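Next come the structures, one after another.
In the two complexes below, subunit A is the common chain; its partner is subunit B in one and subunit C in the other.
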Partner chain A sequence: MGKLFAVILTIIALVSAVPIVMHTWWMPQDISTHGHAIDEQMSETMAEAGFSFLAAQLLLAFFVWKFSNRKDDGKIRTFPGGAKALVAAAFILVGTEMLALGVLGQKAWASVYFTAPAANALQVQAQAGQFAFYFRYPGADGKFGALHPDKIDEGNQNYFGLDPENEVEARDDIVTGELAIPVNREVNLMMHAKDVGHSFYVRELRIQQDFVPGLDLAVHFTATKVGRYEIVCTQLCGLGHYNMKAYLSVMSQEDFDKWMKQKASEQ
Partner chain B sequence: MQEASAQQAHQHAPPEGFLRKYVFSLDHKVIGKQYYALALVSVFVGMALSWLMRFHLIWPNSKIFGLELLSKVGAPGGVMTPEYYLSLMTMHGTLMVFFVLTNAPFAAFGNYFLPIQIGAEDMAFPRFNMMSFWTTLAAFLVLMTAFVIPDGPPISGWTAYAPLSAVGTDAGPGLGWGQNLWGISIAIFCIGSLLGSLNFIATTLDLRAKGMTLMRMPICTWAWFITSCISLLAFAVLLPACLLLILDRTAGTSFFIPAGLVVSDRLQPHAGGSPLLWQHLFWFFGHPEVYIAILPAMGIVSHVLINSIRRPLLSAKVVIYSMMSIGFLSYMVWGHHMFVSGMNPFSSLMFSFPTLTITIPATVMTLIWLGSLYGSKIRITAASLFALGFISMFVSGGVSGFFLAQPSLDIVLHATYFVVGHFHMVMGVAAIFGVFAGTYFWFPKMTGRMMNESLGKLHFWLTFVGTYCIFMPFHYLGLIGNVRRYSAFVDDFLLPLMPLHKFITIAAFITGAAQFLFLYNLIHSRFWGKPAPVNPWEATSLEWTIPSPPPWDNFGGKHPVVYHDPYQYGVKGSLGDYVMQDSPEPEVPGS
Partner chain C sequence: MRSKHVFMAGVAVLAASAMAIAAPSGGTISGRVTYTGTPAKQKPIDMSKEPSCAKQYTTPPVSETVVTGEGNSLHNVVVYISAGAPDGASAPVQTVTFAQKGCRYIPHVAVLQVNQELKVVNDDQTSHNIHPLAKLNREWNKSQPPGSPAITEKFEKEEFIPVKCNIHPWMHGTFAVLKTTHYAVTADNGGFTLPNLPPGKYTITAWHESYGTQTQDVTITGSETKSVDFVFKAKAY
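Right, the complex of A and B next:
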């Protein structure tokens, strides 16, 4: 029975590793300037985790194979070096491994969060509410109108609660249900939650950030590949959570300018 | 002398009458069994919920037979609504984390065996002990009530993130009385757990038999002791958090709700609260809670494993110190649940390093278990298979922690099935394997009857292979970015993943069905199993020196005296390759 355990465990361990090695199911292609560092960190971590996983499982299988229902003299033997050797191995090997992952991973994290957005970054505001995203561009004046929660009126498409009657800045704000951005230009996305917590997740962009009610956050990124990508909500926000999504359109600068002009005329 | 007088103070008359014996019992053994029974009911309800969820994910528009009877609103015509999916998900998580993973390995086995293993007649505070169970049962009943109220259970998940959980029915169905009942239930549960932990600590420190030094306690007693210290601090934080949530919901306070929220077109009458405050309080409890589930399982598995491999661990001390450091570190890592939650990004790094550091004691323990197998004589039983399976699961669930401990990778993996796979393997399946190992091992002692070994082994094979088939693919889904807590997969990139989801659902049905083998074995053996001898596994600790099942006062009025550490295996004793802990015979090193 011990041998059966060893065989089954070995099969499980090897079969589990196959899709990882083959990249059968893997992250989609990265389309951001910072994503490369994250992908590298992922591969690095996968190598270390994969090695630890296989080593431990196969060792477990081997020991159970060898030491269950023993046919030899049956004497109890002790692992060479005993506990001390194993504790030392854990501290040195795993300790360095974890320190390395921690220090290296910090770089990838820093590239997203510890840098300020460029001064000429495109400013866009994202608002998440049950169960839709809306995006707002400041318009020709480059300034956003203030938000007035009491003025929110979905029936009249005033999703953000703008007050164009009294505020000049709000009059040319462009509000859309799709996030369009020019390729290779930095975007500073200011995040505002209308009701409960939500999250902004674009897999290809390697960006995930929660919308926190009462806390206006911002993330910045640069997309490097033209295309249409899904923005999905990853923070449980209610019954329509599974269906809360929008699209990110990464366009050439000319297309973006055209798009912007058209949207401005529609407002 | 002090110890003896403390013990005398706790002598009491045998219980009389049905109620005192079996219902409102002060006997720690009956209370342990009551906790076990509650966990058993909860785990089968929780599992049934997971079946319903897995079914709905694959066939979102199909009727589920009988579901309409459970909720007309949640499943009109038997087809589950998206919000009812979230209700069931919330109940699944809450039941499993609180009423199964906290109750079974810790409260059930701890209550039953901690006093016996240290040579005590009962817990330090038997009345407290009874109260802790009955409060926990009340918490369970309050939670179950959410199923029958018209509004249904809450949809905010077991983490109940504010403001979704705080603003009331404007935010969705189930967020009225359903959420109130949830908050009340968890607050009551916290009180029960606090009473229980206090009792465990007092008992361990005060009621040890003569010769039972701290370092002579079995590893599982150590695990329960460390867990009760963690639990005392963790539930003491969750309790006020729940009270504040209830106040926000019912008394118009704004602890977790900021100004200016417009929910369902209504400007909420709140100002000044912080959603992140809830997350900090919740995870300050929530992360240690993971160790409340897994440490007792580690202890039980060590205890069972040593018996099955017929030799002591390479170092029991190292395992105990590792558990202590895990317990200590568990309070410094809660922020790793909040890397992308809007917390200051610098603090993410400060939470990342202690999280990575936990890998070290966890690896130390794994290597000690593996190294102890070397050169041993493994006896394969249902109990030892689950103990070995635990090691495998703990490793598999543990290595995915390498990823989630890093904020940069969390950007990609947060809130995906990768996380779900990680915690199901490491705190769900691994801890449950610990419970299974404990059950197959201690059942003869608890009931006086043996379980069916062949059926137990079959249960192991199906569960071991089955849980890998369910939870390993979760990691692959997560790498692609499959978001968790979705009641249906409608995004373009999720549609191609349906075959993998189907595979998981089928595996979940089979693995779940296999649990009925266990239930059958449990019930059948309880009444018709072979009578169990005093020490069927040739084990050494004190629970194996007394009759199966033990008399109401455990040691029949005698005070056991302890001469050895608890794991004298692989020696030449008068009984065989082991020496009982209370046997005065000198230790002869094994040859």
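Right, the complex of A and C next:
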């Protein structure tokens, strides 16, 4: 019976490792300049965790196989040096592993969060509210109009609470339900939550950043592949959370200029 | 003898009802609602997050806070008698249907009488959450998944209630709950008619969701038709 358990344990461990080693359910394509660092970090973490997992399972199976079905009352052996040494060894081993992952991962993290966006980055504001994303471009004057929460009028599609009547900067602001950006140009996305916490997640961009009401957060990134990608909210935000999404359109500069012109005419 | 009495009574009833239908007593107030100036531009609605709605339109629909027509006519204005006429004695038996279709409200402005039954239906392949932002009446919001039965509700007090969908931010409409039975909502050419008014002094109110209200006093004598026009000042922003 014990030997059968050891065999089953070995099979489960090996079979569950196959889809990970074979990349059966791997990450979607990466369309950002920083994404490779995230992917490398993810692969390192998976490799290390996977190796530890397999080692632990196979070792367990080995011991079960070797010491099962013994007729004699075998003496229970202790770890050389006793329990204290065992705990200390595990602490150092696991601690080193965690520290190593952290130090290596810092590279990927810092490349996104600890660097400033380029001066010529495209400035876009993202607003998350129950249950839709809206985006705002500064328009021809390059300036955003101020936000007045009391002016928010969704029936009139004034989602941001602009005051074009009194503020010139707000008049040419372009508000859209879709995030369109030119390919290979850095974008600085300024994030603003209208009501509760939300999250901006684009798998292909390798970006997931929470919106926090009252905090001005920003992420910057450069998309490298033209296409249409889904933006989803990944922070449970209420009844319509499942329905909260928008699209990211990465366009050639030429298409982007056309799109911008079209949107400007609709304002 | 007995049959003759019954016959006479029958004739009297018939005559009375014929008079009520054929010869409405009193006068009529009619007119047009127009605007001056430039109304705010109605922006196209981006429904891409709801593909089942977006695909129903070849060109995206625009918001409906100001709907205009030919001859500077202003649509979706509720014109009603706010003073002078007795309130409706009892709630009408007909039901008012308010549909959610293509992620829009149809009609955009629904007039209800106090305690009249409202039926909210969802014709879409997506869930809606209808939320009348009532101040005087009881506020409620109800989810309505596709294929679910109609929601029936009523409102007890006179009020203009903004309605929104808690799932689709662009969906906005109004429930105009009125005490009076004399009302009209402007459409095609901005025209309205309020018939069957007994002689008296009336206050006519015209309400528009973006431009507010205007009132005019009108006196009706006999069975005349009085013309009353409303002109709203449009704002570009």
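One rule holds in what follows: the second predicted complex is superposed on the first by the 238 of 267 C-alpha atoms of A that agree within 3 Å, B and C clash if a C-alpha of one lies under 4 Å from a C-alpha of the other, contacts with A are read in each partner's own complex, and residues count from 1 in each chain.
As a working rule, a contact is a pair of C-beta atoms (placed from the backbone, for glycine too) under 8 Å apart; a residue touches a chain by one contact, two chains touch by 3 or more.
Predicted model only: the values in this text are computed from it and were never measured.
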Using the superposition on chain A described above, determine whether A:157 touches subunit B (first), subunit C (second), both, or neither. second
Using the superposition on chain A described above, determine whether A:243 touches subunit B (first), subunit C (second), both, or neither. both
Applying the document's definition of touch, where does A:178 land relative to subunit B and subunit C: first, second, both, or neither? second
A:214 contacts which: subunit B (first), subunit C (second), both, neither? first
Quick check for you: in the superposed arrangement, does A:19 touch first (subunit B), second (subunit C), both or neither? first
Which holds for A:165: it touches subunit B only (first), subunit C only (second), both, or neither? second
Quick check for you: in the superposed arrangement, does A:131 touch first (subunit B), second (subunit C), both or neither? second
Overlap of subunit C and subunit B interfaces on subunit A (superposed complexes): 129-130, 153-154, 239-240, 243, 245
Contact footprint of subunit C on subunit A as seen in their complex: 129-132, 153-157, 159, 164-165, 171, 176-178, 239-240, 243-247, 266-267
The subunit A residues in contact with subunit B across the complex are 1-2, 5, 8-9, 12, 16, 19-20, 24-28, 37-38, 41-42, 45-46, 48-50, 52-53, 56-57, 59-60, 63-64, 67-70, 74-79, 82-83, 86-87, 89-91, 94-95, 98-99, 101-102, 105-109, 112-114, 129-130, 147, 149-150, 152-154, 161, 193-197, 199, 201, 203, 206-210, 212-215, 217, 230, 232-243, 245
Spell out the residues on subunit B that touch subunit A in their complex, using ranges where they run on. 81-83, 86, 155-157, 161, 163-164, 167, 171-173, 257-265, 267, 273-276, 309-311, 314-315, 318, 340-342, 345-346, 348-349, 352-353, 356-357, 359-360, 363-364, 366-368, 370-380, 385, 388, 391-392, 395-396, 399-400, 402-403, 405-412, 414-416, 457, 461, 464-465, 468, 472, 476-477, 479-481, 483-493, 497, 500, 570, 590-591
For subunit C, which residues are in contact with subunit A within the complex? 40-41, 43-50, 63-65, 126-127, 129, 143, 162, 164, 166-170, 172, 209-210, 235, 237
